[in-house]
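Please read through the structure below; I'll follow up with questions.
To keep things simple, chains are lettered A, B and C as they appear, and every chain counts its residues starting from 1.
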Amino acid sequence: MYEQLVQQLVNGLLIGFLYSLIAIGLTMIWGVMNIVNFAHGEFLMLGMFLSFWFYTLFGVDPLFSIPICAALLFLLGWVIYKSLVSKVMKGPVLAQLVVTFGVSIFIAYTAVFLWTPDFRMIQKPLLIGTWHLGMVELSIPKAAASAGSVLVSFAAFLFLRKTKTGKAILATEMNRNSALLMGIDTERVNALSFGIGSALVGIAGAFLSMYYYIYPQVGGTFGLISFCIVALGGFGSIEGAFVAGVLIGVVQTLGGYFFDPAYKYAIVFALYLVTVWIRPQGLLGW
Amino acid sequence: MEKPTFRQIALYASVFAALLAFPLFVKGTFPMHVMIMTFMFAMLGVAWNILGGYAAMFSFGQAAFFGIGAYTSTILLMNYNVNPWAGLLAGGMLAALTGAAIGIPCSNLRGHYFAIASIAFAEIVRIHFNNWKFVAAAEGLSLPFLPSSLRNFMFQSSKTPYYYIMLAFLVLSLLLCRYLSTNRMGYYLRAIKESHEIAKGMGISFVRYRLYAIMISAFLTAMAGTFYAQYILYIDPDSVLILPISIQIVLVAMLGGAGTIMGPVIGAAILLPLSEYTRVWLGYKGTGVDMMIYGALIMVISAYQPQGVWGFLTSIGRRAK
Amino acid sequence: MTATPCLEVHGITKRFGGLTATEDVSFTVKEGEILSIIGPNGAGKSTLFNCITGFYRADAGKILFRGKDITSASAHKICKLGIARTFQIVQVISDMTVLENVMTGAYLRTYDRKKVREKAGEILRFAGLHEKRDFLSTDITIADKKRLEIAMALGTQPILLMLDEAMAGLTPVELRDMIGLLRKVRDNGVTLIIVEHVMEAVMELSDRVVVITSGRKIVEGMPAEIVRNPEVIQAYLGDRYHA
C-alpha cells in the first residue's frame, strides 16, 4: 500500500513536470496579451505529430526532432498571432475567446483529414524500458520526458529573467503601458510570446510523443487541463504554472488511483473550481 | 428599445408565416430535420445570450444544462412513468438549481475566467454521466416508444409536430428574451456587463442578478434538451454533454450578433444548415472536412466581423439612414 | 434642535497589509449640508470614501447613516438605503443611451418601466442632459459624462450623494456648470459629500471641510478657517493659495 502510494506519487510528478512545460507556454501568452489560447492543446498535438512523422519518414528519434518541433511551432504561433489574434485584440472579448476556439477546431480537424483519426505510436524510440529503483518502477521514456521538461522550463525561466528580450516580455506582462513608455515594442513582444509559448508546447509534444498515443483529438483534454493549471498557478506567473502543473499531475494521479481512474480529470477540474472560488488570482498570481 | 416599426412588424410576420407554411410545402425528412435543429439551436443561442450577450458571462458549458434536461425527463419517463412535459419542467428546474450552485463560486468571475470555469463545470458533468450506472453511463438511454400524441410528447411517423413544437419553444424564448431585455433585468444585466463596481454603485446585487441570469438560461437550455430526447429518442453523454455542443451554441449567438434578440436566430439559420449539409456531403466518411470549414469560418468571423451578422446589418442600416 | 445627523463616521480605520490607509477618522455630516473632504494625493480619502459606501470593509470604527449602523453593509445595500456615489474614473454604461443609463439607476426604486422612463426624463432635464438623452453614453463629452454619472446616481433617489473628484479635468466653464448643478442638487434636499482637489469648487460649495493627510483627520471647519490653518497649508496647500 505504501509502495503503491510512492509509485503513484512518482508517476504524478512525472506527468506533472510535463504539464508544467505545457502550462508555462500558455501562461506566458495569457500574461502578456490577456488571451487564452484555446488552441494550445492542438499545438501540443501538432508537436506530437511532427515528432511522429520525423520518426516514421526520416527515422529521426523524438529526442532529435525537438529543435525542429520548437522552430516550426514557433513559426505557427507567430503567424497565427499576426494574422488572427492581433486583429481581435481591439475587438470584443467574446471574439478574443472564440477566435482561438476556431483555430483549435480547424487544426484538430485538418489533422483528422490529413492523418485520419487513428491512434499512432512511436514503436521503437531510443529511450525505452523501465528502471527499477528500489520499490519504484520508473518508465525511462517518461522519466526522460519529465527531466527534459524540467530543463526546458528552467531554460525558459532563465531566458525570461536574464536576457534582454525575456525581460521585455516580463515587463509587458506586468504593465503594458509602462513597457510601451520604456520603448518596448509591445506588438513584437506579443508575437514573440505567442511564438515562444507555442514553441514550448511543441517541445512538450515531442517529449510526450516518446511514450503517449498520438492522435488528432489528443489536444482536447491536455488543453483543458493546461487552462486549469494556468488559472490555478495564477495567470502570467511562470513559477505558478510550474508549481501548479506538478500539483495537478500529482492530484490527478493520486485521485485517479485512490478514487476512480475514470474521474481523474473531474477531480482536477473540481480542484480548479474550488481554487477559483477561494482564491481567484491563483496560488502565485497578482 | 424603440417600438418596432411597421416595416419591422411586417417583416417578422411574413417570415413567421413562411415558417408556419414550410411543412406544408416541404416534405423531405432531412430538410425538416435541418429546420428543427435550426430552431433548437436558435433557442439555445437565445438562452446563451441572456448570460453571455447581456451579462458578459461567456458560458462555454451550456451542454451541461442541455444534458441535464435531456437526462432528467428521460429517466423520469423510463423509470417512473412521468409524463415528458412534467419531466421537461423537472429538468428545467434541476438545471436551474445546478446553475445556481455553480454560479455561486463563480459569481466574481468574468470574461476568460468565467469561460474556463464553465468548461470545467461542464466537463465534470459529462465525466460523471459517462460513468454513472444509474443513467447507463456511456451506453446511453433509448426512450420507450409511446403512442404518438402531444400529451406523450412523441410522434412516431412524422417530423411535422416536432417542427411546430420547437418553433413554439423558440418563439416563447424570444418573447421572454424581449421581455427581460426591455425591463429591469435587461438593464441590470447590462450594468453588470459594464462592471461589477458600477452595478454595486447603483444598488444592484450583481451576485443575485447573475444567478437569475444563469437560472433562466439553464432552464431554457434544459427545455431544449428534453425536446432533443423526445425527438431523437436516444441520448448518451457524447450526444448531449460534449464541448462541441457548447461551442456551437456560442457560435450561433456570436455569428448572429451577441446581445441582440434576433441575433441567435440569424446565426442558427446560417450555421445549422451549413453544418448539417456539409456533414452529409463532406463529413460522412469521417474526413472532418465539414469541421475544417467550420473552424475556418469561426476564425475569419471573429477576427474580421466580430459583431456578427446582426451587427453588420445594423451598421449598414445606420449608414443608409 | 438636535436632529439625527445624516452621516456619522466614528474612528474608521482601514489597513492593507502593513499599510494603514485610514486611521481613526471621525466626523459628522448634517442633513442638507455640503461637506468636502480634501487632502494631498495618497492621503486616504478614497479609502475612506470606499469604506463609507461599502466598497471596502473598515477594520475598525462605526458608520451610522441616519442613526442606522451601516459599517458592515454591502455596497448595493448601502445604495438601497440612500447613499449614492460616483467614481474617480467616470463610469457610465457603455452600450446604453444617456436615458437608459439613468433609467438603470431609477429601476432601483420601481419596477414600472413607464414610471422609470418618466423619472429618468425628469432627472435628465434637471441635469441639463435632456437634449442628449438618445445619444450613446460613449458619444458625449467628459463633462457630460460626469453629469450623466450624477444623473444616474440621482436616479436611485439618494438621501446622501458622495462624489469622488467630480471636478477633475473640467474647463473653467464646465466647472461653473458643475458647481451650479451640485448647488441645485443640494437645494433639492440631497446631502452632499465631495472628495475634491479643485479648491475653487471646495471654497464655493462647502459648508464645512474635513482635511485628511496620511490617513488621519487633521482638522475640520469652515472653508475660510481651513484655508488659514497653518497645518493645512503646510501639509497640502503650499504657499500658492491665498484666501
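The rule we apply is simple: a contact is a pair of C-beta atoms (placed from the backbone, for glycine too) under 8 Å apart; a residue touches a chain by one contact, two chains touch by 3 or more.
In this text the structure is predicted, and so the values were computed from the model without any measurement.
Colleague: Taking all protein C-alpha atoms shown, work out their mean, then name the chain whose own C-alpha mean is nearest to it.
Modeller: Central chain is B.
Colleague: If you take the mean of the Cα atoms for each chain, which one ends up farthest from chain C?
Modeller: So the farthest one, by centre of C-alpha atoms, is A.
Colleague: With chain centres taken as the means of their Cα atoms, state the distance from chain A to chain B in Å.
Modeller: 32
Colleague: Taking the mean of the CA coordinates per chain, how far is chain A from chain C in Å?
Modeller: That gives a centre separation of 49 Å.
Colleague: Roughly how many whole angstrom separate the Cα centroids of chain B and chain C?
Modeller: 43
Colleague: Which chain C residues touch at least two other chains?
Modeller: Expected reply: no residues.
Colleague: Under the touch definition given earlier, write down the residues of chain B that touch chain C in their complex.
Modeller: Chain B residues touching chain C: 182-184, 187-188, 190-191, 194-195, 197-206, 259.
Colleague: Spell out the part of chain A that touches chain B in their complex, as residue ranges.
Modeller: Interface residues on the chain A side: 30, 34-36, 83-84, 87-88, 91-99, 101-110, 112-113, 116-117, 220, 224, 227-228, 231, 260, 262-263, 265-266, 269-270, 272-274, 276-277, 280.
Colleague: Quick one: which bits of chain C touch chain B in the complex? Just the residue numbers, please.
Modeller: 53-55, 74-77, 79-80, 84-87, 91-96, 100, 103-105, 107-108, 111, 113, 116, 152-153, 155-156
Colleague: If you look only at chain B, which of its residues touch chain A in the complex?
Modeller: Result: residues 52, 56, 58, 60, 102, 105-106, 108-109, 111-113, 115-117, 119-121, 123-124, 127-128, 130-131, 243, 247, 250-251, 254, 258, 286-289, 291-292, 294-304, 306-307 of chain B touch chain A.
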